[in-house]
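Please go over the structures that come below.
Each of the two complexes below includes chain A, the first together with chain B, the second together with chain C.
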Partner chain A sequence: MPIGNTQPSVRPAQAGRAGGAVVTPSAHRKGARPRRARGGLRAERYAPYILVAPAVLIIVLLRLYPLLLGVNFSFTGDGEQNGTAVGFGNYRELFADPLFQTALGNVGLLVLLLPVAVAIPGLLATFIYLRVPGHRFYRSVYFFPAVLSPVIVGAIFNMLLAFDGPLNAVLSSVGVGPVDWLGDPDLAMFMVVGVHIWATFGMALVVFLAGFATLDAALLDAARVDGASLRQVVWHVIIPSLSRTIQFVFVTTMIGMLTSMFGLLYVMTTGGPEGSTYLPEYYIWIKQGQMNRPALASAASTILFMIMLVVGLLQIKLLERAGKED
Partner chain B sequence: MRQRAMWSAVLVVGLALAGCGSASDSGKSTSSDGKLVVWDWKSGEPFAKSYLDKAKADFKKKHSDVEVEFVAQPFDQYYTLLGAAIQSGKGPDVMLFNGGGQIRDRVDALVPLNDYVTEDKQRLAGWEAFTKDAKIYASPVTLQGYPIYYNKAIYQKANLDPASPATTWDKFTADCTAIAKAGAKCFALGNKEGVGIQFWLSSLGSTTLTAQEYDAWITGKRDWQSPNVKRLFQLWKEAGDKKMNSDGANSTAMFNDSFALFQSGKAAHVMGLMSDVGHWQDFNEFLTPEKLGVMKAPIVTAGTTPSLPYDGGIGYAVAKWTKDPKMAADLVRSLSSADALKAFYADAGAIAADTTIDVSQAGPAVATLVSELKSGKPALHVALSSKTLDLMGRLSQQLLSGSITVDEVVKQLAASDQAG
Partner chain C sequence: MSRVRLGWWLIAIPMSLLALATIYPLLFTANVAMKTRRDYILDRFSLTDALRWENISTAWNSVGMGRYFVNSLLVVTASVLLLLLLGSMAGFALSQLRFRGSSALFLGCLAGLFIPFQVVMVPLARIMADTALIDTYPGLVLVYVAQFLPFTVFLMTSYYKGIPPEIVDAARIDGSTVYGVYRRIMLPLGTPALLSVGILNALFCWNDVLMALVMMPSAEHRTLMVGVTSLRGQYSDNIPTFASGVLIAAIPVLLVYLFLQRQIADGVAAGSTKG
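Take a look at the complex of A and B:
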């Protein structure tokens, strides 16, 4: 960091307001510390706020204000009670609703399945990096599903996983009875998550490959010379070197799972069977659109927001810690 | 840093104060003079063109200076969008509704039409689905019913007489055994959305509940513990246990996978619709009118008489915030005028609400349906709230998978029904 050559961060504003009489640009360039007039000082202090004001205003007006309205709205009633305060009534109803409990339980399930969702692209990227036969082909094939819309992916898997679909036909040809992949409440959620991982792991794979590009090849060679097995190479060399990449993929995959499963759910299971594949997003949509319960939906949205806030803060902590390690 | 924290605190407090009490307002109008905005999910489709042209022409006769704008919304988001419009108290002047729960849940935002539609009362059928507490909120356009269709070709293959389908439940299950031997399923069932049970309830309602029970159900005095009501759910479970339904019913979409199973001859019966989709005209693509039969519900409880369950299918309603309710009601009347409905029947393949329309050209199934309209009654499931229907859908899936008992089902449904 060069010292003695500090330039004010807001030169144009200062130059403009101070009239250029006291401080000239050339004085800056020479590195001379300017004598600041009081007006200039104030301008300098407020300038950052003025400059970020448009962005802040947009966020406040279009994001924070509606958010607060939504929270406020969640404390009012629906239907005949429209507009009257009901306290925590909506929240009590939510937590008593088994369907909402299922939805929250499924969020927990997603968190539990997160390591799998990260491990799959990680492993495949490792194989590509280690140049298994046909790695170029796999690199493009793996990314392909990432460009498909969830609706198309859902429709494809609806057909594949149908009771009289091709997957069951293959199974029956080897003597295994048909499985109702999307009609069994114990299976359906795993199928949807599985399809979601299949459809989105391409992005994570690219991130991993970018991480591998920064990997020191000498370390790998050294490990090989020392006679390390593939497992030992992965465990002792690749994973420690890629820790930041892995953490980043964890964060992005988590966000993806919590916020973009709606399309798949809508097409593949519509929340069923027996309500087993509800997620908070889907619950909110049903309550608002189909059940005409906007205030209840607002309460559910507020809870989802809280969950995302906690998850987000945890992730920021995680990333900060990773940053410090470097 | 501290300053920034202070600023954000000020911001949050200020906003919180500003946010109080302004979440919902109502009663504002968006329509400018001389223009009516209509929301629906039909007007974008080619088959609705002649219907709308006729309706617009009829309206022009009464209000030549008023412009009408139709805004077609996607059906799967229709009620979400409408909910947002109702919440803000701004939106279309006239809007399309499904009969039953969808309109009854939203009557707060609608104008009662009783005084405007008196002349149409006789000509049109299906008013009950758009009525709440003796107030009419929409004029019916189509009739939606839940007949049982059957495939005559499969009956022949199974050595059954296609001209006289079973009239009792016992005979019906015996027929189904014969059909199974002939390599087809008895019912094409799609219950992925939980809608299959609704059709089941309504199709078999008239022959399972006594006439008193049926009427009491429609007027809101529902006895969920009655043996006959339980019987409806027991039959549903039995049909599943006896493998009478097509495979994987809980993962098969009713629209339109189950109807496709029926059309392609994999199942002998389907509880279908009269209008829009899954009906006589839809099936005609693969099942010619001669092969398609409509049967009365087989009698489950002795002493009952089968009747066709039907209600007003879709209808147009007037929003509370419109400037001139009389004018909007005139538009609603034009949308249900005889000429317009005739065009709707011919192009969209719907049983229109106007029962005076001649349908003799459309084949025997339609003729049977229309002849049964006179003795028909409102469908059982249409009388239930959308919340109870949603619950019933999930419970019906549990019944099929065997994870719940009939007693528990009626208990939960009774609780939901009484709650609202």
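Take a look at the complex of A and C:
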């Protein structure tokens, strides 16, 4: 791997400072006792591999290999047919299962809600970057739920959204009847996604702010001097300059929605009411753990992986094209 | 100028309402945790009239939160130490040493980033069962390490790329071995990155519920977050005790956030801009 001398990054300055103080003396100390044994040289040649090996082994054995194993497993039978090839049998059963259909439908809902989940942190980051009064305070408050476990977030909202809970108490005091937030099949998924967005927009906010740090301030000043309105600044300066960050947030937010809502689903709705809050990840867990259908669960895992690949690639393509037209 | 000011305040009002919506659920929980059951039923919003710690001790004692707490602490500490060790070793080699196949190995590590746990959950559970690692502490530690290692390697590699290669060359000319360079130079130099990525990994592991649920089926091995999920069934009719249990599980993370907010945000930001 080529080692460049000019790495444009914020961190090297820091590292350089530490390097001047710490490294030089220790390097000299080392020099007092040179080691040049022949066997040593040979061992040295393998040193890079020895340093990388544990990490690579773990990733290959516990990530890449299981991925292939799972795909292979998805074409075999469950239970009595354990291990025998069943072709696309699991996939046929999967797509005929109303629960899995709901799960896929909910993935569609997530895709529709994705722009909201990206626009909220994007706008807030813009205001914070433009130094709205109190921006430091807002940044640390908004980021805070992002460090809480989905289980804790789910438990808190379970309490707030309970049928006899505080939110309905407020509503009834203004004369609106109680709403079964988590018990109504038409509402429950929106509530779970809403809570997920509440809990994670701080992460995206921090990513946006990191993107803003790379923004050329001269561009903004020029726009201001030319008398551009806030909307024009956002539209013509910020969005085009941040296209890579926006792309990154789109992809990671979608992946987050597909893979980190388990805790919320498990605590808030357990997939209900009437299976309306299923997502593929929850389906995989139910089929594997509760129903003892590992091969069927593997087929669902394979579909989930394909969805993630397609979503990632599509978004990169779309956003690249949008970036070119600008 | 005044028109600009007016604009700011129009933005500041929704922003402060959102800040309130962000912080209020937790304040509400903390308040409820201090109330008596009767107080909560009579009025859900009134401020507690006293700091009552008995709900906390009830929650702590009854569902074995203490035990779960220790389990979490053990597994998270071991996972983070292992992640930092393996991540910095690989990151150093991939960024500072020239060797055949290094870019392929780096890509192999990165590929792990795009494979979430859910996708490999079924085969992984089987592998863990076959190797008798299921329901053991080392088993869960390995699963966490495998989950967060790609991210750790990625961050450590980009961090070490910013360190001038002359430092390694100089130490090598002075006769230090590659391992010596790693231990005496790269490890201390990596401290800021290790701190950020270590805190982030600690949060990820501490907050996880799915991996712990799948890999640690027996009750005495439960982690704290899995323990929290069992609170609901236990205290569905006693919300203050339920809230206390939730608060116990949230407090460590709240403390970490209060003191190390900067490092957490830096870690997240580094993960996004190094791409």
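Simple rule for what comes next: the second predicted complex is superposed on the first by the 234 of 326 C-alpha atoms of A that agree within 3 Å, B and C clash if a C-alpha of one lies under 4 Å from a C-alpha of the other, contacts with A are read in each partner's own complex, and residues count from 1 in each chain.
Basically, a residue touches a chain if its C-beta (ideal position, glycine included) is under 8 Å from a C-beta of that chain, and two chains touch if they have at least 3 such contacts.
Because the structure is a prediction, the values reported are computed rather than measured.
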item	value
Which superposed partner A:Leu209 touches (first chain B, second chain C, both, neither)	second
Touched partner set for A:Leu69, first chain B, second chain C, both or neither	both
Chain B versus chain C as contact partner of A:Gly263, first or second or both or neither	second
Touched partner set for A:Gly227, first chain B, second chain C, both or neither	neither
First, second, both or neither for A:Gln288, with chain B first and chain C second	both
Chain B versus chain C as contact partner of A:Gly108, first or second or both or neither	neither
Partner touching more residues of chain A, whether chain B or chain C	C
First (chain B), second (chain C), both or neither touched by A:Gly177	neither
Which of chain B and chain C A:Val60 touches, first, second, both or neither	both
Contacts on chain A seen with chain B and repeated with chain C across the two complexes	60, 64-65, 69, 73, 285, 288-289, 294
Residue ranges of chain A in contact with chain C within the complex	1-5, 7, 9, 11-12, 14-16, 18-19, 22-24, 26-28, 30-31, 33-36, 40, 44, 47-49, 51-52, 54-56, 58-67, 69-70, 73, 124, 127, 132-134, 137-138, 140-145, 147-152, 155-160, 165-166, 169, 198, 202-203, 206-207, 209-211, 213-214, 230, 245, 248-249, 252, 255, 258-259, 262-263, 266-267, 280-281, 284-285, 288-289, 294, 297-298, 301-302, 304-305, 308-309, 312
Partner chain A, residues of chain C touching it in the complex	7-9, 11-12, 15-16, 18-19, 21-23, 25-26, 28-29, 32, 44-45, 86-87, 89-90, 92-99, 102-103, 105-106, 108-109, 111-112, 114-127, 142-143, 145-146, 149-150, 153, 158-159, 161-165, 167, 170-171, 173-180, 182, 184-185, 188-189, 191-193, 203, 206-210, 213-214, 225, 228-229, 231-232, 239, 242-243, 246, 249-250, 253, 256-257, 261, 264-265, 268-270, 272-275
Sites on chain A touched by chain B in the complex	60, 64-65, 68-69, 71-73, 76, 79-80, 82-83, 99, 161-164, 178, 180-185, 188, 269-270, 272-275, 285-286, 288-292, 294
Touch list for chain B against partner chain A, complex	11-12, 15-16, 18-24, 26, 77, 79-80, 83-84, 87, 105-106, 108, 192-194, 247-252, 257, 386-387, 390, 393-394, 397-398, 401, 403
